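The structures come next, written out as structure tokens.
Below, chain A partners chain B and then partners chain C, in two separate complexes.
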Partner chain A sequence: MDNSLIQKKIEKVFLKIIKTKITLNSNNKNVKKWDSLNHIKIVLSIEKEFNIKFALSEFDEINNIKNLKKLIKSKIN
Partner chain B sequence: MKKKTIDIYDKNLFSYDYEEVLSVNIKKLNKLKHVTKINLSSSYTSNYFVEFLKIFLANKDIDLKINNQIYGDLIFNINDNKSKFWSEKCDFYILLPDSSILDFSLRDLSKNQIQKKIIADGNKFINVWKKIKKPLIQSLFNQASFPNLGLNDSVNIKGSNNYINLLNHYLIKNAPTNVTLIDLEFISKKYDITSSFNYRLDSLIKQPLSMEFMKYLANEVSSHINGILGKSKKVVVVDLDNTIWGGVVGDDGWKNIKLGGDTVEGQSFVLFQRYLKSLVDNGILLCVVSKNDEKIAKEVFKKNKNMELKLSDVIIFKANYLDKATNIKTISQQLNLNLNSFVFIDDNKVECELVEKTHKEVTVINMSKDPYEFVQLLNQKSLFYFLSITNEDKSRLQSYRVIGQIQEDLKKVQNIDVFLKSLKPQMSLRNIDKNNIERVLQLFSKTNQFKLNNNIFNKRFLLDNSKKFKALNFRDKFQNYGIISALAFDLNIKKNQLEILNWVLSCRVFSRKIEFYLLKEIYKLANNNNLDNISFNFINSGRNQYLINFLSNFGLKLNKNGNYKIKIDDIKKYG
Partner chain C sequence: MYFNSFSFILIFLPLVLIIYFVIFKNFKKEYLKIFLILSSLFFYAYWKIEYIFLILFSIGVNYLFSKKIKENINNINFFFSAIIFNICILFFFKYVDFLIFNLNFFLDNNLNYFKITLPLAISFFTLQQIAYIVDTKQGINKNRSFIDYVFFVTFFPQLIAGPIVLFREVRNQLNKNSNFFFNYKNFNLGVLIFIIGLSKKVLIADPIGVYVDVGYLNYLEINLIESWILTFAYLFQLYFDISGYADMAIGLALLFNIKLPINFNSPLKQRNLILFWQNWHITLTRFITSYIYTPLVMKINLFSFKAAMVVTFITMTIAGLWHGATWGFVIFGALHGIGLVINHLFNRISIKFSYFISWFITLNYVNFTLIFFRSENISQSIAIIKSMLGLNKIVLPGSLETLIGSSVNKNIEFGTYLYNLGTDSFLFYYLILSGIIIFLFKNTNQLQKKFNGQFSYLIAMSILFVLNLINLTSSYKFIYFQF
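Here is the complex of A and B:
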């Protein structure tokens, strides 16, 4: 899966869950609706979208889009 | 605007937008919002549950306001009288405990001690139930996070899962009528989804059940609330060909339709008919609407031995070539029942779409799948709510058949009063007693069209205040209808008025002028107690139009407080 497709799929999930258009620089501090309740929804939806599973320890690492992308890549390749 | 419906099977759990569902279903349909206030306490994170619950209730045109949502300290909160759980007014209580609040140190206890411990744990909740008058919905305990006794855990007296089973059983045995218990294992089987302890979400967010499970639990709770509010379905309209049997009777003949164990499909249709029959036995009204020749269609019911459903199970049989939406409308008029209490079941997509488009209130189920799935398709919608089966439920079938006949005769007669008298009506106003209390409770919760307001009473309140209630029994030359009306009132000497707290009348006896008889009785009640005014505690529920028409035709006027009020001298004018 190429980089831009991953980015597109991530954007799709964020748009659906928190109705926010995210960029590569987005994180849970500069995106207002990315709170702890929505965080679980987002991560579970990302798992479904990419058919992957995150470890418990990775849930906290997913606090910005760059990290999220890196983690997804490591799991789908 | 098309009503937005929610598919509970949608794999994408979080694709719903609460505000959108609410606005499309309620605001745009310009309906009166039914706001339900809930106090909720849980022993785990319930935010996601609440989100799902809001969605499912919005889908049923109910706007949910959670007064307070307390989690983590369930036992502490419900036992603390000062907690918000008790201080805020609400329409419903919801309690969601989980097995993590239980102590499973059972190893050193004797069988007797374990029994006592079960009773002590159970009584923590039973004592709470005693304090509550409003409806309360509580989930039973889920399975323990790990088995204390390995392979034998659920069958050995010292096993944690056995303990949970016994405790759940104790709670079920002691639940009063205003407490609804929800069995998580039952949901698990119904939706084919595991209710096992979810270690991942428990670690992440302190939620011991999966997100999918929370969704189905919320769906079940929403159906219970809908049922308690008297909004569950009362009428099932079914098509015939390829819906309750396989094949087309007009082409194949009554002998050759697929029904019974000879064919694979035939067996599925038998099962589906048995399910419909069980609904009929519980008081659901079954009607047939089919594009068929009536004689040919009825022949199957009379001659095919594999038919589980008999003609006597069907209240109204419409086999003709009119469109189905028109037929359904006619049925609703004949039965005096609102279309939103209707379910329509048909294998044909076009028919389903037509009914859905014409009558947005009707729940339409398209049985386009394999017939073996029919039972599950209908069951998983959780449309029916049976509180308790009273004698009136059993006789309902017959009375609806009589209604059809009376409606037909009414069209022909010149003088309605003479005609009604010829039916030899007999009414008797009774006090509340053990024999009629279940029926009175049911009337208050189930009635919609002739009901002053949505206040429901629980059994204990009725028994304690039995002098403030009256029940009306009605019979005519056809049958005894049982208790068909109930009245709750208060003699307010200070204000010099008789206050009618609530008044319900079953729609089965509309157009029999019973309401006039009762109004006279109300007048007498005020007169005998030397009270000069009568006030009706009225709230527009959006569904009680029949009552509004009656009261305003009678000259009663809405006052500032939203109550209908009249001086008893004025009532004399109307005879």
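Here is the complex of A and C:
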């Protein structure tokens, strides 16, 4: 899956769950609605979108878009 | 053995370093790991030799379980057995007497107590191994060896009181050959962080702790000013004690080229309770979020705000109980649960205060919860809270008598107003000084980023080190050792 498609799908999930447009530099500190509950919703939605599964301890690593992309890439390839 | 003891700083640590980097210099890395494991076990056994068998038993059983879990990834029996095994060990050594106390108290029983000495580090190595078991079940930790696993649990810098490390954080570093050679830069940085941590403990937390102990003994006598100074003194003592310990752990690990995750990042500067927990005992917060909060929310499967708030409250109450087997710790956790729920509610309806006001409320709320954390029992907490509300005695400094006049209110006395803390105004000025360090200085993480072997740092560290040695007494244990 190419990079821009991954980015687009991620953006779609964030728009759906917290109605926020994210960029590559977004993280759970600078996105206001990205709290602990929405975090779980976002991660589960990403799992569905890409048909992958995250381990519980990976939830914590997904605190910014760069890490999220890295983790997604490691799982779909 | 404690980090703040002569036997550790002047004998154990130098010996281990010399053997590791000089005498065993050309040894294979597996032998070096085994040497550090043996050193760590010696470090642990130095305190109480019997419990060495407990930790080895726990490590052995967990490793075998993890092996079974890996081989039978779809069989959840091994996974649940492993989790129950860890909880049982923790429950027996830490909570069984608390259960008996409650049975005796509420059901009028007269059961005998087990009177077990809490094994050092048990709360920490149990959490690390639970995380390991869960991660293994979820397909993480694919590459591992028994030696790496034992190293991960026993590594002496983090063994006793954290940071609570994940296996993969350590394993990746153990696979790098260059990490087994002396690294000048890491070593310097490690020494710097260790000395900062040691100073927090020896030069700040311990001197304050002396008066906190006196104040808590005199809890029925303390007046309004004393009670406020006492509680803030404890807040500062606790912060310097456990963040100092974390610094020392991180510094020591760095001497061996192992980077541990940071555990404190100026929590007392934070403007709300959510941010407080994101910066206070960070690896504990990570554990309870990853392994309690998230699975509970997913299990309930409602994903509503209400459900999440209930889970937040439950999670924090469990986290409170993790600190120790008393109702005080349960209340401490529950109060933080309530505080976090209120914080989330405020965020949801967009209530916002200025930085100063929200910081002030947060700091005082944390300080309030710590009364339950420190008190021997609930009636002590209540007595202290009463004093803070001015319901006990109000004694103002004698110098104010001429200014205000004694006729204002009969309940107000004038005189030595810090008498019950066993001090004159020394503690007061000492707290102001510590407050300046907490609120205005850079924290250890920020300081180390600026460090590049500058001469000024070296001079400051040498002076601090000498001061530490002069004031070093092993009589003060770390607060987190009781957890």
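As a convention for this text, the second predicted complex is superposed on the first by the 77 of 77 C-alpha atoms of A that agree within 3 Å, B and C clash if a C-alpha of one lies under 4 Å from a C-alpha of the other, contacts with A are read in each partner's own complex, and residues count from 1 in each chain.
Following the convention adopted for this analysis, a residue touches a chain if its C-beta (ideal position, glycine included) is under 8 Å from a C-beta of that chain, and two chains touch if they have at least 3 such contacts.
Only a predicted model underlies this, so the values are computations on that prediction, with no experimental measurement involved.
Contacts of A:16 after superposition: chain B is touched, whereas chain C is not reached.
Of the two partner chains, chain B and chain C are each touched by A:37. Once the two complexes are laid over each other on the shared chain, residue contacts for A:45 go to chain B alone; chain C is not touched. When the two structures are aligned on the shared chain, A:3 is found in touch with neither chain B nor chain C.
Once chain A of one complex is fitted onto chain A of the other, the partner contacts of A:56 extend to both chain B and chain C. Chain A residues 37, 40-41, 44, 56, 59 lie at the interface with chain B in one structure and with chain C in the other. Put simply, chain C touches chain A in their complex at residues 131, 134-135, 138-140, 166, 274, 286, 289-291, 293-295, 297-298, 303, 305, 308, 312, 344, 347.
Remark: chain B residues 11-15, 47-48, 200, 203-205, 211 touch chain A in the complex. By the touch criterion stated above, chain A contacts chain B in their complex at residues 16-17, 37, 40-41, 44-45, 48, 56, 59.
The part of chain A that touches chain C in the complex is made up of residues 35-37, 40-41, 44, 55-60.
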